[in-house]
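Comments concern the structure below.
Letters A, B and C mark the chains as written, and numbering starts fresh at 1 in each.
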Amino acid sequence: MLSLQNRKDILFLSILAAILLIVLPMGLDAFRLNLIGKYLTYAFVTIGLVACWGDSGILSLGQGIFFGLGGYCMAMFLKLQASTLEATKNQSTPGIPDFMDWNQITALPWFWKPFHSLSFSLIAMMVIPAVLAVVIGAAMFKRRVGGTYFAIITQAIASVLTILIVGQQGYIGGVNGITDLRTLDGWDIRTDHAKYILYYAGVVLLLACLLLLRFVRKSKLGRILRAMRDQEDRVRFSGYNVANFKIFIFALAAAMAGIGGALFTLEVGFMSPTFVGIVPSIEMVIYCAVGGRNSLVGAVYGTLLVNWARTSFSESFPEIWTFAMGGLFIAIVLFLPGGLASLYQNYIDPYVCRILKGNGRQTSHTVDKAI
Amino acid sequence: MTIQNDPLLSVENLSVSFDGFKAVDDLSFQLEKGEIRVIIGPNGAGKTTVLDLICGRTKATSGSIQFEGRELTRLKEYDIVRAGVGRKFQTPSVYEDLTVFENLEISYPSGRSVFEALFFRRNKEIIDRIKEISEMIFLDNQLDRKAADLSHGQKQWLEIGMLLIQDPALLMLDEPVAGMTVSERVRTAELLQRIIQSRSVLVIEHDMGFVEKIAHRVTVLHQGRIISDGSMEHVKNDPKVVEVYLGH
Amino acid sequence: MLSGYSFNDLASIFVMQSFAGLILFSVFLLMALGLAIVFGQMGVINMAHGEFMILGAYTTYVCSYIFAQWMPALFGLYFFIAVILSFIVAGAVGMFLEWSLIRFLYKRPLDTLLATWGVSLILQQIFRSTFGAREVGVTLPDWMMGSWNLSETIQIPINGMIVIAITLLITIVIYGLLYKSGWGKQVRAVMQNRTMAGDVGINTERVDRFTFGLGCGVAGVAGAAFTMIGSTSPTAGQQYIVDTFLVVAFGGTESLGGTIASAFSISQARSILEFFLSGSMAQVLVLLTVIGILMLRPQGLFALKVRR
């Protein structure tokens, strides 16, 4: 018989899957569904933040770096696909992306060349963010840097990356980003049909990432992370190399953010530095905080909710929206640090437990974290 | 010289200074296998710093620490733990978000690398060992409770249990009975008597009654230096000690 | 990148760029002092620090407008009034912020980052609603527009010298406040041991509030200086929080000297590189170098005691 917690997890995941796979596609038109799909790509970042920030106490204000790297990897592949000799025959150098031609670049730069390959691009969108995370993590965590300092350094790196991309008009598309993306290995990504497929692919990947993170959080590694968050020295003096655990979870979150970014590029059809810098990075943190920094499904709902509110309000009342966003940061921190998930925990969970109790046995000696 | 005669821990000319302030000054002492040594001394004598130096939390400015023939000053903290040195902190450090069972499980010496921890599975051996330890530390009926809900004394016991499960050759305890009620103190003394049978122990303690009960040998530290060393009886009557410490 | 310049050209470029860098240095230094005071004292990073600078910049703008409109005779002196008002306005808003928000978050430094980010968004929107989204610039009085010709190719602008003089003055005043006054003793006592300081009768809440206000006030003065090198817009402050934190971290000590040296080297490196590379590449290069050094040597920061 499954434990109560396992049954709850199955329930939560099923509800989320039902909403994303059945309810929303039935209730929304293609345009709205594509918007939801776009929001869900941010959820890849926020569930990583639950593992990093909520579980392990590592707050990164630079997750946009990894989201952006994943997105750019995909965009570079798609851009090369769109820049066939045929399509670019009017350029002074045919066969290279249009923005390079506009900037008097006459040959494809070396770092673009591997992105002709789909498999390379798919691997790169996860591996490049993860490797960068390992480098940053190794430099910081091995030297016992954490907390506020780590948060600001990650923010600084996000800021540098944005300035770099904006400054390199010719090599990476500058402030406009990489636009006018059309096909993925011959398959047109701009049709309504393609948008549906991409939406479902995104949801399935997100659910897979949720399951993977659930496995990590339920493993002994997950418990070590929470132990480390509260008593780092005790873990260290129990024979663990604390830095390696932090690097692992940071890199895992980065790889997931990369997947999210790549999906974002596919669903939206372009990638630009707007999704890399300080502002998107910290906003992703607030999506996570609204849903609940300790709850994976909470983070997904938080992401959907804040973005839905943004789209609804910011079109008609842009001024009010900025105030509301600012107020949200303050209010969540002051009044609801556990996010919506803590409301659930306090008011609804007791009923759910009563319903699910049945003949469940709690023998695991564990306070399992809800998913 | 044969191996049997070697001390377990041998500290030689150990010094550390913070911004010119010598917290530990040219300290040398040896700890035999199975010996229970208590370090006493007034506040600021450098007692906790000595433990910090041995377990690698503080890096020594000069000097050497030999443990079973290995030089500890060059090892990382986790390697020192793996070599067999366990350390209990002054304030109880337990993982409040986890159950007593999980607290002990994390301390159990297996699955210590990232990937071993990821694919770690509880087996009967580990569960039995956790049950055995939990009985020793009077928490066998509390295994499923969150550590946050334990009393102060129970947390201290839990942390001692977390060290025991590592089965260290050298156990270092920083004020194990501080903040405990009288009855908790008695049980802790009993507990310590039982667990120190098979290992060497280095204890910092202020409670003289408690010291007298457990110490084989007492070392008095003052301003980072040893001013007296020997049996409790000897130390008590040493005029230097009386002057700086007991006399006040 | 050096080809095509004669030695004399290079020397004048060097001098003039370093002078341009000096105003940036003033802004960095004032911002960093404010941030370092608050961070060192309370372990709190105020993400709205850049907005306090912009608050000072808008105060200066309003001041110049009022003087030009109603007191043209005194226009020559407005900048000095503006500096004082910038300090008072930013300081008062800072104290209000401490009282209404920050004091509830002292034990949660990471949450403070998020909450003060919210404050920065709100301040930005207030600026936008009040002054519009467009950039505004101040007009300088004639006597400050001139420059002092050191040689034929080297001209030193007078406004720059004034900004630097004000910066030096403020640095000295802060040094005096922190290290020579009774109040500074209280601040440092709280910094080192909050509980103990409270026990010996220091009103730690009041010390916190004034310290936070002082930090924000100094950022306001940085804003007044900022009007000399950039135009003021609602979001102009955002980038500065990162730069400023890097200056503080790079300086790496609680000592004023470290902050000054780091503000100086970062602003100079950027200003001189800017002449040879594009502005953004100079910034990237300098920031990357600083981040790289900080990754290898974060110890500098630990001297700024983060309360755990």
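Note that in this section a contact is a pair of C-beta atoms (placed from the backbone, for glycine too) under 8 Å apart; a residue touches a chain by one contact, two chains touch by 3 or more.
Keep in mind that this is a model prediction, so the values were computed, not measured.
Visitor: Give the label of the chain whose average Cα location is farthest from that of chain B.
Guide: Of all chains, C has its centre farthest from that of chain B.
Visitor: For this structure, which two chains share the highest number of contact pairs?
Guide: Top-ranked chain pair by contact count is A-C.
Visitor: In whole angstrom, what separates the CA-based centres of chain B and chain C?
Guide: Centres of chain B and chain C (C-alpha means) sit 48 Å apart.
Visitor: Nearest whole angstrom, what separates the Cα centre of chain A from the Cα centre of chain B?
Guide: 44
Visitor: Between chain A and chain C, tell me the centre distance in angstrom, where each centre is the average of that chain's C-alpha atoms.
Guide: The answer is 34 Å.
Visitor: Any idea which chain A residues touch chain C in the complex?
Guide: 53, 57, 59, 61, 136, 139-140, 143, 145, 147-149, 151-153, 155-157, 159-160, 163-164, 166-167, 278-279, 282, 285-286, 289, 319, 322-323, 325-330, 332-334, 337
Visitor: Looking at the complex, which residues from chain C come into contact with chain A?
Guide: Those in contact with chain A are residues 43, 45, 101, 104-105, 108-115, 117-122, 124-125, 128-129, 238-239, 242, 245-246, 249, 278, 280-281, 283-284, 287-288, 291, 294-296, 298-299, 301, 306, 308.
Visitor: Which residues of chain A touch chain B in the complex?
Guide: Per the stated touch rule, the residues are 216, 219-221, 223-224, 226-227, 229-231, 233-242, 244-245, 248, 362, 365-367.
Visitor: For chain B, which residues are in contact with chain A within the complex?
Guide: Result: residues 55, 57, 76-78, 81-82, 86-87, 89, 93-99, 101-103, 105-107, 109, 111-114, 117-120, 143-144, 146, 159, 162, 166 of chain B touch chain A.
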